[in-house]
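Common to both upcoming complexes is subunit A, partnered first by subunit B, then by subunit C.
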Partner chain A sequence: MIVEAARIVAVVVLVVMAAYTARHLLFALHRLFSRGRMDYTDLAGFHLPSVSVLIPMHNEEAVAPDIIEALAEADYPHDPQHLEVIPINDHSTDGTGAILDEYARRYPWIKPLHRKKGKRGKAAALRAGTEAARGEILIAFDADYLPGRSLLKFLVAPFADPEVGAVMGRVVPHNVGASLLTRLLDLERAGGYQVDQQARYNLGLIAQYGGTAGGVRRAALETAGGWNTHSLAEDTDLTLRLAIRGWKIAYVNRAECYEEVPETWEGRRRQVERWAIGHTDCLHRYLGPLLRSPCLTAKAKLDGVFLLGVYLTAPLILLGWIATVILFFAGQTYLPVWVAFFLASTSCNAVGNFASFFEIGSSVLLDGAERRIRLLPLNVANFLFSTTTVAVALIKYYAGRARGRSLPWNKTERHRNGNGNGWTNGNGEANGNGRGLSVVKARAAAQNSGSS
Partner chain B sequence: MVFRPGLLFQGFAVAILVDALLVWQGSRLLGWHSRVVEALLQLAGVAWEHGKDLAVLPGVSVGLLRTSYLDYQTHPLYPWACLAAAVALLALGLRRCPLPLRPLLYLVPLSLGITLLYLTRVSPTVPYNPEDFSTIWYRGETYLWLLLPWIFALGFFVLNVPMRLKMGWLSLLLSYSFLWSAIRLATALATFHYLGSLWMPFFYFAFGFLADFLYIVAFYSLALGQAGALLARRREEWQ
Partner chain C sequence: MLGYLLLLLLFSLFFSVSFYFGFREWRRPWDAAPLPIDVEYVRVENYFGRSFRAKMQQWLAEAQPNGIAAGLLPSGVLLKTSGGEHLLTLPGGRLERRGEQVELIYCEGDLTLAGGSTFRREIYCRGRCETEATVQLQSIAADGDVILGLQNEVARWVDAQGKVRLRSGTVVGSRVSSSTSIELERQVRAQSLYAPVICTADCALRDDPVASPRGEAAPPITNGQAGTPPAVPPYLAGVRCLQLSPRTWLVQDDLDLPAGCRVESNLIVKGTLRAGSDCHFAGDLKASCIQLGSRNRVGGNLVSDGSIEVGEGSFIARNVAAGTHIRFSAGVRVGQLSLPAVVSAGSEVGLEQDVAIYGKVAAGRWIKTL
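What follows is the complex of A and B.
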């Protein structure tokens, strides 16, 4: 009986992993051979709706000045009719609030929102920011992101199409050289955006709004019910609600935004854990509505199922390995076991944003960054790490679900400017290692002397 | 243009031709493989004799080698000593090994532990003798060799680079796969001879399919790296 069960599990794993492999292969070949769908970039600079930029921040003094100054450099009109930036200081205990107030004194289009009460977390902060915002389009950034000069124009261009409810830009790591992990994550991101996201958009499937470096139309957000403060993956949550209601989600590969990826494996573990739990929670919440939606095509629904179930492949792979071990000891080897294991391995990169190695290979060629591809075999380490981390996270998630508990939000650790070690005292003055507010003032002084 | 749909069909055509060649010359290739294993076993001081003929595919067969493996009835402490050594190495490795590679460290003690559990609770011997292990090995590896041209057809032949570069990398991959397979099989048989069948699942899984997967990705990345550099040079010349 155990052997029979193991054989069934092995076959199920084989079928699921083969399906994911086919999906990733299709995406890679589509990107190599097919033309792209309209990405609206020709409209950049011509369609300039009113925009509110929301930046949730919790203890972000290490990175807050960089994103504010990057937005000050943006080529979007900095007048009240067109642009407001709302950094949301969400229960910070460091100098983030003082830094934001300092910038607000300097730039009238910065309107900091200080949250000291109420529910914590990114989704709650975004909800508060949305209530304060006046823009027709809401663009969200994580605090560690660095938007390029033209990013806002590229991101808002697709909103000229009234059917577009959300837009996603491409995320590119800027700290690639920091460690082996950051180099591997750079490959992963390249495959995930250049091939996976773009192919999904081109094929009329569900491109994913990633919660940062992307925008949402206020009307679409309201019809979808706003930000879900109960979700650990508010981006996937919103993506599904928009898609189910028939809103288009556009992906603009040209709209590049630079992020700080985790430099330590511990930081990566926490990030993957949060994504896995939040994403799988969305699977339980939206699988039924997705399949019943009258607004989606059959192929979009099918791909939506793949998208929602992607983190479940990690425990499935582990189950498949256990099944093959049982079959091995039962003398049931030969082809079926071999194929199951082989496909499970080659499809290994189907975890999270992890693309298969075909996708990563195709993306580095499209990017013209072929030297990076030599690191690809080392991604096996990332695969093993992600598979075990996701499997453990999902065990925690299902155990918590059974007990009726929700898991807390884990903020991703920052490494820029000393990882937020600059502290400020109660008057908002810098102390400790001298970073934080003093950096802002020093930069302002440098700008003033430069302009004079 | 870097990519052309016609190149995909070129890749498929090459994959069909290479597979046909492998099947046509299969018995001869497997015979060479077997001789490499014989030579390596001789080097390791492992006695062997010719076993049965295995039909891997219709018209493709290989003579298996019959070797012995350590009998745990007469050496009952060996499996425990192996497991203890593996656990000790794991404990040492956990302190020095980077976090992402730690799951790999668990593979040896885990596979040995499961096998020992099987040997003490289910049966005093594993279900396979070394000849059976070679049977499984030859079947798996032969199917893999037939699959390799298709992996490259989809991932590498689609690039608009000279045919000699594509064929060169495919030949190199197949040659490496062939030689590395013989080395691993000989290592496995020698390990069973000296340390017993406890190591069989480890060689089947970690030193078998996982090792196959690693070199396939490594060759793919190296080939793509070289092809990408060539394409970049072309772009520069054109600009």
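What follows is the complex of A and C.
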């Protein structure tokens, strides 16, 4: 009985993982050998709709000055008809509110919103920000992001297409050298954006709006029902609702923005847990509507199912491992040993590291950063960590779901500027140049001079 | 048992080799810097000309005399920079044909280049620059006008403060930019164009680029904000469609619009959109393939993943973007002087005579005048 069950589980896991592997292989090959789709970058600077930039902030005094200064240097017209920046102080207990008020005195286009009541969390903050915003296009940034001078122009250009409901840019970690984890996450991000997102966009599938370094058309957001404050992954939630209603999500690889990735495994655990639960919650909410949508093609629906089910692969892999051990000790071998060895070693690279060879390998080639591929075998650490974290998170999720409870929002820890101690001059005034921004600029300048 | 042990050994070897490089990169990183993003980048449409002018000023400041260029009319002075660049400075006049010119050229006044000449390096002219037929150039920047003669070939770019005129058969490998205007005769090819006004042969705007198209007032730029469309517009009767937002309709199949149709909302067509003559679109238009008849008016953007063909005398107020090719018939106008626009195609842009575009034209392969 146990052996029979293990055999069924093993076959199911193999089929599912083979399907995901084929998908990743297709994406990587497409990125390496096929032409890109129209990305609207030629329109940057010529399509300038009114934009509201929303920045949810909860205890962000470590990073708030940097993003405000970066937006002050943006080459988007800083007049009331074109741009307003709404930092949303979401129940902060540190100096975030004072920083924002100081900047509002300095720049008329900054309109801080202080939230002291109501539900906390990013989606709730974005909802409040959207109510206050007047722009036709809403661009959202996490507080730790560092938008370059032209980023807004690149992000709004695709909205010249009336079918585009949301736009996603590419995020690039700037604290790569902080730890092994940040270096592995840098590889993961490269594969995720340079290959996965771009291929999905090129192939007419569902590119994902990531909730930061991206924008949404207000009309599309309103028809989709606004930000879902009950979701831990409000970005995936919105992506699905837009796609199901016929809006397209454009991905612009050229719209690059620096972000800070978690530097500690604990920070990473909380982030992955939130993503896994939020994402899987979307699976339960939108799988039916996705499959019934009259606006999506069959291939887009199929890829949507893959997208929604991606976190379920973690517990599946664990089940597969258990089933394999059972089958091995029960003497259930179907293949010659050398074939099993070949499959095992290939699987380790192709599936075990979540198709890392295909996607991460291709992305570092496309980015011209081949040297960092040496680190790829160590990605198995990130893979094992994520797999177990996701599996545990989903157990929590389903247990909570059975009891009718939802998990709270966990903010990602920031590490820039001494983690919250480096911004003020002692009088409660905003320090105009956050260390993070200048450090990133200096790094970029050094790299540019080095490469030239 | 021995087989298993051998396999285990082989597997461990493979594993340890790959992990060896991984651990080495972790402990002694070769590349632990963030991927470079130029956070200071701001797009400058005439970047080539600007940066070359700045470089030329730098060379002129540091260059040392390196002799007189004999046999030239006008006579020039040869300079050599510390970086080993050879620079020919001229007062102006007509530069006769003398085989291949391999020096960078700096001209203080107006310059004429004799037919059949070949210039392997860039030219910077402080005045007006004119070439005769079949001249081959690398790149040219001028503070006055640039007029390229018949069948010229420019390997890279052309930039002028004054107007640029490209005569028939001229090919520019990269960008043509001007602070004033670009005039293209027939059978001209380039990869991208940027100027306040870009016009093709026989264009009525050539002498008065500020005038609105064909003397008519341009329609207001509504961008889908003006008016309130009815619940189901009459032009969508009997068509499989759905409303994406109060101002945006999506049609699931092809759509044929009769002549004189007025579309107040943004319109997305999954198939081919064909519009008869004298149609008016207040908002944005998107379709897999777009064929607009003559004298159409589009108040918003015109976007297609495939191709776009625009009929005679039509006007598009905002940007035009196509995944493959774009073709404008005679009399088409895009953008306005006060609100420049972009025409962008993944493959080719074909422009018939009397076409005017206010802003930029870019193509993955070629922009061609027909």
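One rule holds in what follows: the second predicted complex is superposed on the first by the 399 of 452 C-alpha atoms of A that agree within 3 Å, B and C clash if a C-alpha of one lies under 4 Å from a C-alpha of the other, contacts with A are read in each partner's own complex, and residues count from 1 in each chain.
Keep in mind that, in the parts below, a contact is a pair of C-beta atoms (placed from the backbone, for glycine too) under 8 Å apart; a residue touches a chain by one contact, two chains touch by 3 or more.
Remember, it's a predicted structure, so these values are computed and weren't measured experimentally.
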item	value
Clash or fit (per the criteria above) of subunit B with subunit C on subunit A	clash
First (subunit B), second (subunit C), both or neither touched by A:329	first
Which of subunit B and subunit C A:135 touches, first, second, both or neither	neither
Which superposed partner A:191 touches (first subunit B, second subunit C, both, neither)	neither
Larger contact residue set on subunit A - subunit B or subunit C	C
First, second, both or neither for A:25, with subunit B first and subunit C second	first
First, second, both or neither for A:266, with subunit B first and subunit C second	first
Which superposed partner A:388 touches (first subunit B, second subunit C, both, neither)	first
Which of subunit B and subunit C A:33 touches, first, second, both or neither	first
First (subunit B), second (subunit C), both or neither touched by A:121	neither
Which of subunit B and subunit C A:375 touches, first, second, both or neither	both
Against subunit B, colliding segment of subunit C, chosen among 5-13, 41-49, 167-175 or 293-301	5-13
Residues of subunit A that lie at the interface with subunit B and also at the interface with subunit C	338, 341, 345, 371, 374-377
Residues of subunit A touching subunit B in the complex	25, 29, 32-33, 181, 265-266, 269, 321, 324-325, 328-331, 333-335, 338, 341-342, 345-346, 348, 357-358, 361, 364-365, 368, 370-371, 373-377, 379-382, 384-385, 387-388
Subunit A contact footprint on subunit B (complex, rising order)	2-5, 8, 98-101, 103-104, 114, 118, 122, 126-128, 136, 139-140, 143-144, 154-155, 158-159, 201, 204-205, 209-210, 212-214, 216-218, 220-222, 224-225, 227-229, 231-232, 235
Of subunit A, residues touching subunit C in the complex	35, 37-38, 40, 42-47, 49, 70, 75, 146-150, 153, 160-163, 165, 172-177, 180, 183, 186, 190, 219-220, 222-223, 245-247, 256-258, 294-295, 337-338, 341, 344-345, 367, 369, 371-372, 374-378, 440-441, 443-444, 447-448, 451
Subunit C - residues contacting subunit A, complex	3-4, 7, 10-11, 14, 18-19, 21-26, 29-43, 223-224, 242, 244-248, 250, 252, 266-268, 283-286, 300-301, 303, 305, 318-319, 321-323, 340-342, 344, 346, 359-360, 362
